[in-house]
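The following blocks contain the structures, represented as structure tokens.
Look for chain A in each of the two complexes below; its partner is chain B in the first and chain C in the second.
This part shows the complex of A and B:
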């Protein structure tokens, strides 16, 4: 089966990526302080790529707008948890709206609220966006990203505008981030094998034949968009608690390009593809970043011009798609390779 | 008109100045297989697209079991019991044959377990159960036609519209289709509207035939009578007879 997606529960499909995530978090995240931060960032990005997988991978509709949900999730979690004095001091010059200064909630409550708010915004915008198809849908989701970015970048009544909101409490425990990533993975896995995931893939395969089977394209896309928006919101919330700040610029074009690249390079039709893409591009990006900064990589010092990282990732993206249009995993879920009998 | 029938009443449709359908009335009763014949451009495809909700008619009504379907989208008509197949198959090529057929039931709200049991059962009834694990995009044209039929009947529809299911089938495959139609009629019991150019298949499979020519219904009756009808011969069959 070519990039089709899973339909039946398989313990191997589900546990494989979870075990790989645990191993990566333990061995890479525990190797050094800098690798711990890279691993934490990668876990946040993986949750974002899972959000893209559940919608883009299953529906075949390319969304450039999910950065908006991550942005909103990050903002909500940051504004609800940053200390009052920091919000008061850092934002007083920006005339932050008074009711936003005092709220203080627990990090985990804030993460739940950030997912809920992003899911709600996805529901409201999805009512309009999910009626569109093809290029129109793609460009409309891009407009959503543009609107969200400009609202937060220019409106200092609701947030830091073009500045950063510092003092966001950190989640510095790798295992908590891993737990959030695993919970997101389990949710997305069960959505993928549910009626929603299966009928959504039918609409991806043939948007004319699917309605003849009683499938409402609008309804299944909207449900997936809401779930996807909520998971993207969670990812944004996690990111703000890893970075310790909220900054609008973190969720715009580069973020959109990188996360979509991770999904497509890994294989958009599977969770395993989302994991492979996220960690591969994170690793390649990290190596290239070190080379840009003239730092030794595995003892070898090679300097590359600033900006090369994005160019090389873009070229890798094109090369992978030319080689395998279904991504590295070809949309297949994790399976232990079968040993061939020697006759 | 039987209260349980699938009824199209005085359907009209124009594309600009071209009138494609002119007051076409057709009735299909439960368990009945009706053949719809006509030359290319007669309006057959437009007619069945209107019945299935893919086109809007300019005039007339479509009713199933006494309930009007006008204004309902294809998915809502499917939920009302109207299934269809497509001339070009339109299987979900990257999904397996079993998943394609199961989606016929899942789309209408059946659980995954019920859908897969039904998928297995229908594929077995049609004698194509060995295709189950294969990607639908990789099977032969003839088998794809049967899988398309299986997918449509997985919903246990009240009525099934088939758009040229024998198109492109060879002489060995056409009898398999005929056999499949009979199996579906016996096991599912749905009424069927068979749009087809293969006159031999239609006369063998159908208890009644209607003929469209330039958007006008010119015949409604027994298949044997259709073959001898002067209007049908002039508009469609010519002197070539049954092929």
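This part shows the complex of A and C:
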């Protein structure tokens, strides 16, 4: 069975998605205030889906635990940048732990720290988790998410608990978010074509033959897991600076399913798939939302019943899997379509 | 104390029933059917919405509806996905689960529906000065009866033999004359029946039905079948039982710290998986990609 994945550097594979991202950010992100927010959130989600791609796409091991890294990244970035008076006032009744109230760092420093902390936690947990295979690995990563969610939801000493932490400073600039997304994309692309990416795909294709070639499944998976955890942490951090809040509930089951579906719908074996999946699902969701609110879409006014949006998105998702189990791109990277010669 | 032990056993039994429903389908087609949650939910809705009829009628109706939805899942989605990567099937089942949740929300509303189901099973009675809730006893009795029936079905009947054969080696089972479509449909049907049983017990304890009613128990049973050993139905039932007992005991033992019960449970799950990656009842390790 071939699941795809590139091994050779190709400029069109790398530049194609970047150009598409720039065009989307320019034309959609600049169209209106509401579309700007949608684009910004999509860019954050895209970074998250890239994080999933580098690990899940290459290793073939499903991870339900990346929500934990996004949660931690989002938390770290939010707690480091939210104004002292907000942390002091809004959370005083929750007895936020004293040393967490005063720190104040620059947004971009905070983002670097959030990626580093998430990467570190991925490293520590990965030492245990990466020994597992198949469904056991999936459930174990889910257990990680379960613990992170449970602790952050209930512990009011370290964070806002079940409430939201407001006042997180915004990155109100599409181009900075785009830059972060492009940097993540380049990182993930080079991991994918590197030795790590290739050996990881070898373990995905045949978990028996790969060790016979001298590949340590544990080692390559761990490295990918750490990188992937750090990128997921960055995406969480970006999201808290787009939404302006940190809330634990944003990173649980729904988040996990939607980001995994974006990856699988697009095609998990390529970054082009990650891009197609993220922006397609976001676009379909946005168009249906406008239809629910009876707003014109491209000048055409179609109204659909309230609440039917989520049904249609989920149905589309199932339909794509039935139609193409490899995702829309079937795991292929971007390439310029060749014109067929007419003879 | 006695009540706590009974609660733990009854929760364990309940989870083992849910785990068995998941395990049956997993055995024949390597599918982790996450949408099993929605079978439990539709069964619970049916029970509550038909509460004005006699319990037997309401139950019969519930079983029919649930089995119908289970077969619908198989015919409309899973049959077309047979043979693809198990990870894709799992993700498809998430999608299906979301579709059904939203359909329930459109049909029954987002607010919980409730009704009194089987009122004679509520309340408590006294034995030797101890007060014991009827529902915990009923749950234990029902679970034992259902588990025995399932045990009989799987160990003694031709269908059970085919299910076990298909779990062990689907291809060979087909070569030896097991009809795959019929068998998989039967597994889905049975998992529907089990979901209806689980729903009955759940509804007696908590009759507030929302579109996400079956989600929690399904996630935890999923954890259960993995720690018990997905390769066998016994492992699935055992794992579900362990998760239920542990969760119930943690809730009793932790006192004020019970909000962290899930964390301790998940940490225990991680430890079990690290010690025995194939589950408690596994025989040696087998590499499988999901």
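In the analysis below, the second predicted complex is superposed on the first by the 319 of 343 C-alpha atoms of A that agree within 3 Å, B and C clash if a C-alpha of one lies under 4 Å from a C-alpha of the other, contacts with A are read in each partner's own complex, and residues count from 1 in each chain.
Just so we're on the same page, a residue touches a chain if its C-beta (ideal position, glycine included) is under 8 Å from a C-beta of that chain, and two chains touch if they have at least 3 such contacts.
All figures in this text were calculated on a predicted structure; none of them were measured in a lab.
*Asks:* Taking the superposition on A as described, I'd like to know which of chain B and chain C A:74 touches: first, second, both or neither.
*Replies:* neither
*Asks:* Given the touch rule stated above, what does A:7 touch, chain B (first), chain C (second), both, or neither?
*Replies:* The answer is first: A:7 touches chain B but not chain C.
*Asks:* I want to verify the contact counts: of chain B and chain C, which reaches more residues of chain A?
*Replies:* It is C that touches the greater number of chain A residues.
*Asks:* Which partner does A:132 reach: the first (chain B), the second (chain C), both, or neither?
*Replies:* Second partner only, chain C.
*Asks:* What is the contact status of A:214 with respect to chain B (first) and chain C (second): first, second, both, or neither?
*Replies:* It touches chain B, and chain C stays clear.
*Asks:* Counting only touches as set out at the top, which of chain B and chain C does A:147 meet: first, second, both, neither?
*Replies:* It touches chain C, and chain B stays clear.
*Asks:* Going by the contact rule set out at the top, does A:318 touch chain B (first), chain C (second), both, or neither?
*Replies:* Only chain C is touched by A:318; chain B is not.
*Asks:* Have a look at where A:202 lands relative to chain B and chain C in the superposition and call it first, second, both or neither.
*Replies:* A:202: touches chain B, not chain C.
*Asks:* Based on the A-chain superposition described above, do chain B and chain C contact any of the same residues on chain A, and if so which?
*Replies:* Common interface on chain A, chain B vs chain C: 1, 208.
*Asks:* Write out the stretch or stretches of chain A touching chain B in their complex.
*Replies:* Where chain A meets chain B, its residues are 1-4, 7-8, 193, 195, 198-199, 201-202, 205-206, 208-217.
*Asks:* Report the residues of chain B in contact with chain A in the complex, numbered from low to high.
*Replies:* 52-54, 73-75, 78-79, 83-84, 86, 90-96, 99, 102-104, 106-109, 112, 135, 137, 151-152, 155
*Asks:* Which residues of chain A touch chain C in the complex?
*Replies:* The touching residues are 1, 60-62, 128-129, 131-140, 142-144, 146-147, 150-151, 154, 204, 207-208, 253, 257, 260-261, 264, 305, 307-308, 310-311, 314-315, 317-318, 321-322, 325.
*Asks:* Applying the document's contact rule, which stretches of chain C touch chain A when the two form their complex?
*Replies:* That would be residues 32, 77, 80-81, 84-88, 90-92, 94-96, 98-99, 102-103, 105-106, 215, 219, 222-223, 226-227, 230, 259-260, 262-263, 266-267, 269-270, 273-274, 277-279, 285, 287-290 of chain C.
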